[in-house]
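Heads up: the structure comes next, in structure tokens.
First chain written, first letter: the chains are A, B, C, D, E and F, and each begins at residue 1.
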Amino acid sequence: MDFTQFYYPDRFIGSIEDYEKADIVILGAPMDYTVSYKAGSREGAQSVRPASWAMETYSSRLDRDLEELKYFDLGDLVLNMGHAEHSCNIIENAISQILEDKKIPFTYGGEHLITWPIIKAFHEKYPDLVLIQLDAHADLREEFFGEAYSHATVMRKCAELIGPDNLFQVGIRSGPREEFEYGKKYTHFYPYRLEGAIEDINAFCKGKPVYITIDIDVLDPAYAPGTGTLEPNGVTSRELFDFFYSLKLDQVVGIDVVEISPYHDLSRMTSVMGCNLFRELALKFF
Amino acid sequence: MDFTQFYYPDRFIGSIEDYEKADIVILGAPMDYTVSYKAGSREGAQSVRPASWAMETYSSRLDRDLEELKYFDLGDLVLNMGHAEHSCNIIENAISQILEDKKIPFTYGGEHLITWPIIKAFHEKYPDLVLIQLDAHADLREEFFGEAYSHATVMRKCAELIGPDNLFQVGIRSGPREEFEYGKKYTHFYPYRLEGAIEDINAFCKGKPVYITIDIDVLDPAYAPGTGTLEPNGVTSRELFDFFYSLKLDQVVGIDVVEISPYHDLSRMTSVMGCNLFRELALKFF
Amino acid sequence: MDFTQFYYPDRFIGSIEDYEKADIVILGAPMDYTVSYKAGSREGAQSVRPASWAMETYSSRLDRDLEELKYFDLGDLVLNMGHAEHSCNIIENAISQILEDKKIPFTYGGEHLITWPIIKAFHEKYPDLVLIQLDAHADLREEFFGEAYSHATVMRKCAELIGPDNLFQVGIRSGPREEFEYGKKYTHFYPYRLEGAIEDINAFCKGKPVYITIDIDVLDPAYAPGTGTLEPNGVTSRELFDFFYSLKLDQVVGIDVVEISPYHDLSRMTSVMGCNLFRELALKFF
Amino acid sequence: MDFTQFYYPDRFIGSIEDYEKADIVILGAPMDYTVSYKAGSREGAQSVRPASWAMETYSSRLDRDLEELKYFDLGDLVLNMGHAEHSCNIIENAISQILEDKKIPFTYGGEHLITWPIIKAFHEKYPDLVLIQLDAHADLREEFFGEAYSHATVMRKCAELIGPDNLFQVGIRSGPREEFEYGKKYTHFYPYRLEGAIEDINAFCKGKPVYITIDIDVLDPAYAPGTGTLEPNGVTSRELFDFFYSLKLDQVVGIDVVEISPYHDLSRMTSVMGCNLFRELALKFF
Amino acid sequence: MDFTQFYYPDRFIGSIEDYEKADIVILGAPMDYTVSYKAGSREGAQSVRPASWAMETYSSRLDRDLEELKYFDLGDLVLNMGHAEHSCNIIENAISQILEDKKIPFTYGGEHLITWPIIKAFHEKYPDLVLIQLDAHADLREEFFGEAYSHATVMRKCAELIGPDNLFQVGIRSGPREEFEYGKKYTHFYPYRLEGAIEDINAFCKGKPVYITIDIDVLDPAYAPGTGTLEPNGVTSRELFDFFYSLKLDQVVGIDVVEISPYHDLSRMTSVMGCNLFRELALKFF
Amino acid sequence: MDFTQFYYPDRFIGSIEDYEKADIVILGAPMDYTVSYKAGSREGAQSVRPASWAMETYSSRLDRDLEELKYFDLGDLVLNMGHAEHSCNIIENAISQILEDKKIPFTYGGEHLITWPIIKAFHEKYPDLVLIQLDAHADLREEFFGEAYSHATVMRKCAELIGPDNLFQVGIRSGPREEFEYGKKYTHFYPYRLEGAIEDINAFCKGKPVYITIDIDVLDPAYAPGTGTLEPNGVTSRELFDFFYSLKLDQVVGIDVVEISPYHDLSRMTSVMGCNLFRELALKFF
């Protein structure tokens, strides 16, 4: 059988067949149990993959083509539905294994809580990790509805692990007063807009390993309607891409894109944004 | 201010203002963390309430009117998002309190797991409880994705608590072989159709306290598209209502309707079905 | 220009170019102001026309083809948005004119209130008119939210005009007790199902002019999700068509199909049903 | 029963239990009969309330929290469906009562016509009222489809009542030539963009009672797809919020947000915008 | 890396990793160029695969489990978008190769035209092939909009190739008079309902190789809203499954399911039906 | 019959009754067979017409009213479904006839391939034609999925016919490297943004016949979600309109707007944009 005449719309476009040969690994972490409003991000990665088949592999802005990269699409993790802590353990183990295999993980959520086990795994390997978070919400609560494992606490846990001084929070525009106070006091905190953060990030990250986490709700709902908690007055897609084009980072060691929830997005523009973020960021930083 | 010129589309139509005076209590249990496919049933109760305002309070089949009943709408429980066990505890406590207050709870899910804490509370009060389950799925697994607290294990847990001989499972049409074998061996098991169960139920339940749990997916997806796990070849709405009209039960002590998930149902016909089930069942049995 | 190489997808398929030559006239009455729940039926006729282009003009059941009929599509009436009484006057005048021109009107709603001005115009011409109503609701209220002009009062007004003894109400399954009492007492009242009415109708209507009004919600929501007020436990499409195939009517003088509301029906199956009703009824009765 | 463990997802988040103690009153006016294109705004207020539960009560821009305000959610008015004039009377009476009770009404439409009875009530109490209108349409017609009571005539009626010199029309980008001529000649008219109006408004309104009416279609459809009449080339959400942050008004006496129509907005971003407008405007002006 | 902890949600559940070891092959043929009404069936196979992950692999009716079968999911064919004839060649070649490899193809459309190249490949191998078609439409036109390659001509072409006496057409309810005349005259023609055909099929097919093609629109739109051309008054899902359970066929050599078009089916019930058809038919016939 | 009391929502608002008297002709070319991702643009023109009835005929920016123009709406062409080449011939012939009749065609797609037969017809009449393309994609491939007739090759074919030096490509942001290289080398190529092109176009086009083709995906998906291939990081509606307001063209001889695909756009904002483009461009250039 000539298998090349077939394609899997479920596999990210351009992904190679052999895990061993890959430098980058795409995976999905379909957890959405702790979100407080609309569920659905468990289908985030699933919705990004078929959308990728309508995307050109060439980036005209960067004049590079995904064909120049070697990435493998692992599929979605099998998680313990409904148990956040157990699911976090599975995610942490998978990321640890990928790092051990000397590959760069690019993870699609799921909800933002998945970033917590990812950062735990990264911090093991990179004790001086810098974390850049693009997000409408600071996610700095100490607990949420009585639970420590929550999409609303994830950055507090990360900050406490890597040190809040290693956390850049960009685009934040929603949260309780306590979170804004914590952010302004302890983290690198750039509310509302993205531009102001660029120079600081470029200066601070020189020579350091950097992890980027993108909550898709950093975008205005007009540009990303498919997410669980819509926050008006966000950034435009142009501002988001221009932000990334302006970054100068020596060593990006991992990326995730979370909170894509396709149920509420008939056009699937949010999923399309998700796969474009892979192309532009992978071609820029890897 | 003349408050009667206003209405709350969020409050079930016809509900009274005073909890103390109510015989029946409507409440929502917005848990959907353990579902394996599509989330969204956390908005089940929320979607039923506004739909109730388009429903007549009079049932022509039963020639009774909801005005003859006294029911109070408690709203939705505040749950620990993402933690099934903790949420179950909250539900159990609330139901226990309602039972202590000598009221009949009518609970809207949420996912089917909510029936577990409800039955725990009921079994305390009614040790000889009979449980009638209408469902596409037996939900008799011992564990699911490694978790004991799951929508797929809920009836196994209930069966073990009240004794499988007190469990009627009606309309079941999907599940692994083990569940069908368990059901056929231990519970009153009536797969695929509803009619066959009527006489047996009427005979068995004479004089006993009965709880009814309705997973909306017992209906064919044509009649209830708004649910998490669609199963073709289900029963029609006419068969479902005729089943209830034929039941002769001395003492129905509680009812729940679960797995209404409005995201995927543009017409909201599943939510409309949900509020009609309250009217017909409350007028028939209470 | 060879105009035959073009088509208007929103003109009913097969409609002729010349009003004068037509025996039948299709028109839309886009009024939906008095509906109590979901608006949207103003787009009923608009949604039926494009759907007609996917419909065969041949009816295999009746072995007749729409090509054998001459019908003209007048478009939608320009109504006084938001003023029910003024809009009713416009509808009545238009129907009167069509009747004066010796043509048969086939009207798409809009809400059910449009049937009131239509029947007023028909009653002028046919004092012995028989009215057959297929509907989930009796629409026999004397007033509704303080208004006499309402979708919920329309059949009461018609009954009082033509005499309740000339009104057949078939498929009724929802309404307050008063409406059921009025119906059972005064009109020919066939609740829930259609079959029982056939022989009575055939006997009663012999030699009489008959008008048929179909509220699409007589169908179960599974078969017609695109309507304003969904009522579970309705009739199937097969039952509806078989009802019409069994009728033997000497003189059907007009028909309307109301309450098609396409907003909530992504597949547009309700609009497709609407245009199939034209084909089958026009070929059966005209 | 411990009622604090329950919440009503359709009651505006943070609203207090006692009308008497409230300074601000939220109410819905579910009228959409006179709209010329797509109906549906009758569900505007209903859709805003559940959306409010995903909104933080803290505004980081204003560094204030809704907890600092006392507001009561009255629910939706019971209106005479389909009769615009009667419904307007009901609205006017309710607003008059609220003003008499010395509370500030924050009204969600419904269509824009609701602003007419509101302004009538306000003008009684505040003869020198200034009205600031943000809107894509001037709504300055003298009549519309033969009716004086119409969403398209509402501002003409208001202008004639309070004097066109007391009307600021901002963001207008659509209408017949006559409306633009009237606006340019008689009212304070700022078409297309918002910025230009700020200084004039701040100067003019010094010491005066000001009412703000926001037709959500002032926003570009990208930011507010859920409305009846989409007008391309509108303002962005950032421009809208920045406009309000720049206003310096001594005495805002009431606000309404109209034409939110959730049917056509799967993500409900327009309803989310609606509840954010309450938070930002109430915290800014009350 | 332990790959078993991941899954591809868009690979059919239970499919094995090695083409060589498979007895059955699932593939998609994403062609929808010639459909006359709504396009979208190109995403038919894509939508069935993720839906399969919510399906039990065990069939309680047949008491068999998909684990007992060995099937490989080839993915979707890469077709020449917009060129029906070239695409048909690709499909024919792929099916021929699968047959040469002694495997049974189970193909998801795409539109019904894909059955033409499939039957061409099968007829090469099985000159006495019997074709059973379940469909709302006879698809017996000689040409359609001037084109011979069309979803409306596919069964005419097949009939002429294998002989109309080897074609069973079941459930047909829509088409021009010519098609019904041809069908009644030349093929085994069972319009409207399924039951009547069973005995004839069982008798005729004894010992013969049989191919089954299912146009999902044989179902009533209530049961399969996600298809290009909705035809009211179809069969129910129960009737469809019971039809298959009653067939006694010695040698089913291939199956296709066509015209699933997920765009217009928010709940995806049509795609769920599609994957259930694989389970029940594969377990019954293979 | 007084026909003025009716309107056809299917006919573009304001279109006149007599083809002969028209200066401008609106027509639809419902071809979408060669699109590689989501089909649906065959309903583009169909969706624009009813949307036009919610649009004012007056443009306040241009201070002109559509009443000043004479345009006729021809409806949609009857095309050979599924055969791109044959359909192109039909389109070319229709456009040639319109040009022969000395009228200006304004064509709604359909997919972008329709521009190829249009330009062929125009080039016959205007050998020095300048083509201005607004688009996310260059569409400069030599072939696509093995086919020369494709939405992805259309501009290459046009460039080769009229000379690449007569082609302005504005807003291009997606495509393979080869297309960007060709564009930069041979055509007037203005990627990403629109502003830069204005002066060059105004200078170059002086005195020349100009055709404008607008692929709606030049807009960011936030502003035009209803299209087949979404490309993030596009232009805003304000930028698009301002671009046109700044053009100074002596002789615009024809315009098309393509790739509006209403299926995926619940609010229909893309169709509304489509009819606004007619108003603004016709009033600006005709």
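The rule we apply is simple: a residue touches a chain if its C-beta (ideal position, glycine included) is under 8 Å from a C-beta of that chain, and two chains touch if they have at least 3 such contacts.
Just so it is clear, the model here is predicted, and its values are computed rather than measured.
In summary, the chains found to touch both chain B and chain C are D, E.
Farthest from chain A, judged by the mean position of CA atoms in each chain, is C. Here the spacing of chain B and chain E, counted between their Cα centres, is 37 Å. Put simply, the C-alpha centre of chain E and that of chain F have 38 angstrom between them. Inter-chain spacing, taken between the CA centroids of chain D and chain E, is 54 Å.
Residue positions 36, 38, 78, 220, 222, 264, 266 of chain F are each in touch with at least two other chains. Contact annotation for chain pairs lists A-B, A-D, A-E, A-F, B-C, B-D, B-E, C-D, C-E, C-F, D-F, E-F, with touch applied as defined.
Taken in their complex, chain C has these residues touching chain B: 36-38, 172-177, 180, 191-192, 220-222, 225-226, 229-234, 264-266. Those residues of chain D whose C-beta lies close enough to touch chain A in the complex are 53-58, 60-61, 63, 65, 220, 222-223, 236-238, 241, 266-269, 272-273, 276. Residues 1-3, 5-11, 19, 27, 46, 49-50, 74-78, 90, 94, 97-98, 101 of chain F touch chain C in their complex.
Chain C meets chain D in the complex at residues 32-36, 38-40, 42-43, 78-84, 86, 113, 144-147, 149-150, 263-264.
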